[in-house]
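Next, two complexes with chain A in common: one pairs it with chain B, the other with chain C.
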Partner chain A sequence: MEMKGLDYVVLNQGNAQLTELYRAHIGDWPKFFKMDTLSKAGFVASELLLKKIGERRCEGDEFIQNRAIVLFGSTASLCADRNYQETIQDKDNYYPSPALFVYTLPNIVTGEIAIRNHWRGETSFYVLEEPDAAQMAFHLACAFQDSVTESILAGWVDSRMNDDFQVFMTIIRKEDAADTERLAGQLQLIINDLNK
Partner chain B sequence: MDRVIRCIADNVVSPLGTTSRSNYDSVKAGRSGLERYESMGNITTPFVLSRVDRKVIDGLCAELGISGNYTFFEKFLLCSSVQAVRDSGIDASSDRVLFIVSTTKGNVSLLGQPEEGIAQERVLLAKAAREVTWFFGNPNSPIVVCNACISGVCAQIEAMRALCTGRYDYAVVIGADEQSPFIISGFLSFKAISDEPCRPFDKDRKGLNLGECAATVVLEASDVKDSGWELVCGAIRNDANHISGPSRTGEGSYLCLMEVRKECRRQELAFVNVHGTATAYNDEMESIALYRAGLIDVPVTGLKGYYGHTMGAAGIMESILSMYAVRDNTVLATRGYREQGTTYPVSVSSETRECKGSEFIKLLSGFGGSNAALLYRFVE
Partner chain C sequence: MEEMILKLKQEIIEVLNLEDIKPEDIDNDAPLFGEGLGLDSIDALELIVLMEKNYGIKLQDPAKGKEIFKSINVMADYIQKNRTR
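Up next, the complex of A and B:
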């Protein structure tokens, strides 16, 4: 049986690109402007991917409602951490902000995407040393052990600085994960693209 | 027969003790680690915190042979995991052993206060976890679960799944967080922190307290029947509602509870160990989820009045204490609770109660709309 490669979206070109893409292709989710870079990057990439595969947002479709979101990254929320740290570093300029603090958790991006799509499945964020295709494939295959998970929005999301990020998003179906080695091979192709 | 996932060793390091047993005995005796602080660093608002004495950790490191340039957070992880691994008798340097670390903020304090001899890149969570695997000489790449407050339950679920694949024989699951001004100021800015010891599920609850703890479980995959604690199943679900507030219908927690109920034998369910942070919204949400899941009559117990919210350690430490409690036929008192303060009357008590049964459910929820539950069963 011939299996086609995974559909995916890669973004890595600065914050201005994210706002531009948002205005050009999304436009109906003002929460976007509140998000930190990590969430913006993950959100925009997920929206573009869903457009690309032609999936409609569909309330009441259990198959889609149960979709899991499993993301990986190496810097986690470091960028948001630095932004928040600035607000508490100086005694004379101390203004801790809840709007910044909430983004100091990397799994917030999984929540942002779940809210947008009304997905009530599993959401997970794993921190790895680097985008290791074999390690990601193993943990994605593990996620299908959940009784309701039939598909996963999976990806790599990293942001070191406010204007510096790397993200890919792809959809993995249960059958894609049956052969973990093959899945790792497919993820490696995407990672190669990410590093271009 | 399917692989069974069994907990073969555990450890808790906290202000209440440096072993699981001493922690359990302290809690049963009603001791709490919570103390009031008037200020810390640039923070000038009073708050209540359960903080580990750094001298105790340094002493423990010396006793356990943990030397080298480690941050407090790394020492904390090691103090707990070295004891648990020693008690398990496993060879942690084997490639059949997977290390999973559960934390929310790891070495984040390095951002505000770099340390001599510590590479700044250890602020990256996987780099800090690597220090742990190096200590044990383990060749596998560590994985860090960073799912806000539910991380400790997620890490155990991930360990269970990884073991079920057959690739690993053991998983060492370690959870810890350091309560630095970073986290405390953030929760204060949310107005989520109480300046009094917290009151889970009470009508006068004013918010949460933060706390420090490191906890470890060593899980084993086995094909043979044996006596001990089995991790039966777990689930992670999102509310898809709000990034920093729980769902009004308790959606994600409800879905998690329904999932673990599938494997749960109701007459064997001793209690549900809840999140019970003592914020107005969390406890109300949990009462709704328990009601909707048909578990409103099951005894409920929360440990935040003893430890505060220990973030990355919470799911692991609270699971371990629940194991000790079930074996002791005890529902631990929910310290701080006085009077019913949720729409649905959960079965919570300020007194220690007797219970029967061999199973418990551990429930957690957190930022990002995340929820998680797992079911443990003791097999005679």
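Up next, the complex of A and C:
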């Protein structure tokens, strides 16, 4: 079966770029400024991807049940963990920040994207040592095994430090995952672009 | 009091990352939660931390926050009367 390549977005050039992209292309979601770098990177990449493919966003009470979100990364929420740790490091200046604490889980980024788009499908975040196309294709294929999921927002989102991140985001449709090897090949092409 | 209100607004903007809001955008009598600044429950917790960190006010009963965070004027008045630093 002839299948076209996956549409995708790659970003990896510093936190200032995320804010610039937000202001230039999104601008209607002030919660962006409260997010940690991992969520900002995932959020902006997902927004740019959805614009690129021209997908209409749900409004009001509409929601999409059959879109899952499956993301991968190597350092998970380590960056947010460090930022939070700083608020509790000094016993004489011990003021745990609730706003930083809420991001000390990597799957929060999947929630931010799901809330924005009214998607109510499955969400998950896997920790891999590095972007591994075969592993990712396997987990994505597994995510289609339920009776609901028709498409997945998938990607690699990683943030080692506040100003250092790497993200790609793509949409996988059920037919893309029917041949796991072929899907791995397509993901590898995106990973090559990510690592350039 | 005016100086205190301006300082408080600046602190709130900074701690809650209200990037696109300036002190003059915040109405002194408008509700901070709900329709006003659209703050959420995590923001409420951050405001409690702000009061403790910057003004030495430890809220023993978090439910009291609902009354204290009614508006900038109410919050500034409470801080003025209860601050320990």
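Basically, the second predicted complex is superposed on the first by the 188 of 196 C-alpha atoms of A that agree within 3 Å, B and C clash if a C-alpha of one lies under 4 Å from a C-alpha of the other, contacts with A are read in each partner's own complex, and residues count from 1 in each chain.
Operating definition for what follows: contacts are C-beta pairs under 8 Å (C-beta built on N, C-alpha and C of every residue); 3 or more make two chains touch, one makes a residue touch a chain.
These numbers come from a predicted model, not from an experiment.
Of the two partner chains, chain B is the only one that A:135 touches; chain C does not reach it. Once the two complexes are overlaid on the shared chain, A:33 sits against chain C while remaining clear of chain B.
Residue contacts after overlaying the shared chain place A:98 against chain B and chain C alike. Touched residues of chain A, counted separately for chain B and chain C, are more numerous for B.
By the touch criterion defined above, A:81 reaches chain B but does not reach chain C. Once the two complexes are laid over each other on the shared chain, residue contacts for A:121 go to chain B alone; chain C is not touched. Comparing the two interfaces of chain A, the one with chain B and the one with chain C have residues 96-98, 102 in common. Per the touch definition, chain A reaches chain B in the complex via residues 69, 74-76, 78, 81-82, 84-85, 88-91, 94, 96-98, 101-102, 104-108, 110-112, 114-115, 117-129, 132, 135, 138-139, 141-143, 145-148.
Residues 30, 33-34, 95-99, 102 of chain A are the ones that touch chain C when the two sit in their complex.
Taken in their complex, chain B has these residues touching chain A: 41-42, 104-105, 108, 111-112, 123-127, 129-130, 141, 143-148, 154, 158, 161-162, 164-165, 167, 181-182, 185-190, 235-244, 251-252, 255, 259, 262, 367-370.
Those residues of chain C lying in contact with chain A across their complex are 15-20, 38, 42-43, 45-46, 49, 52-53.
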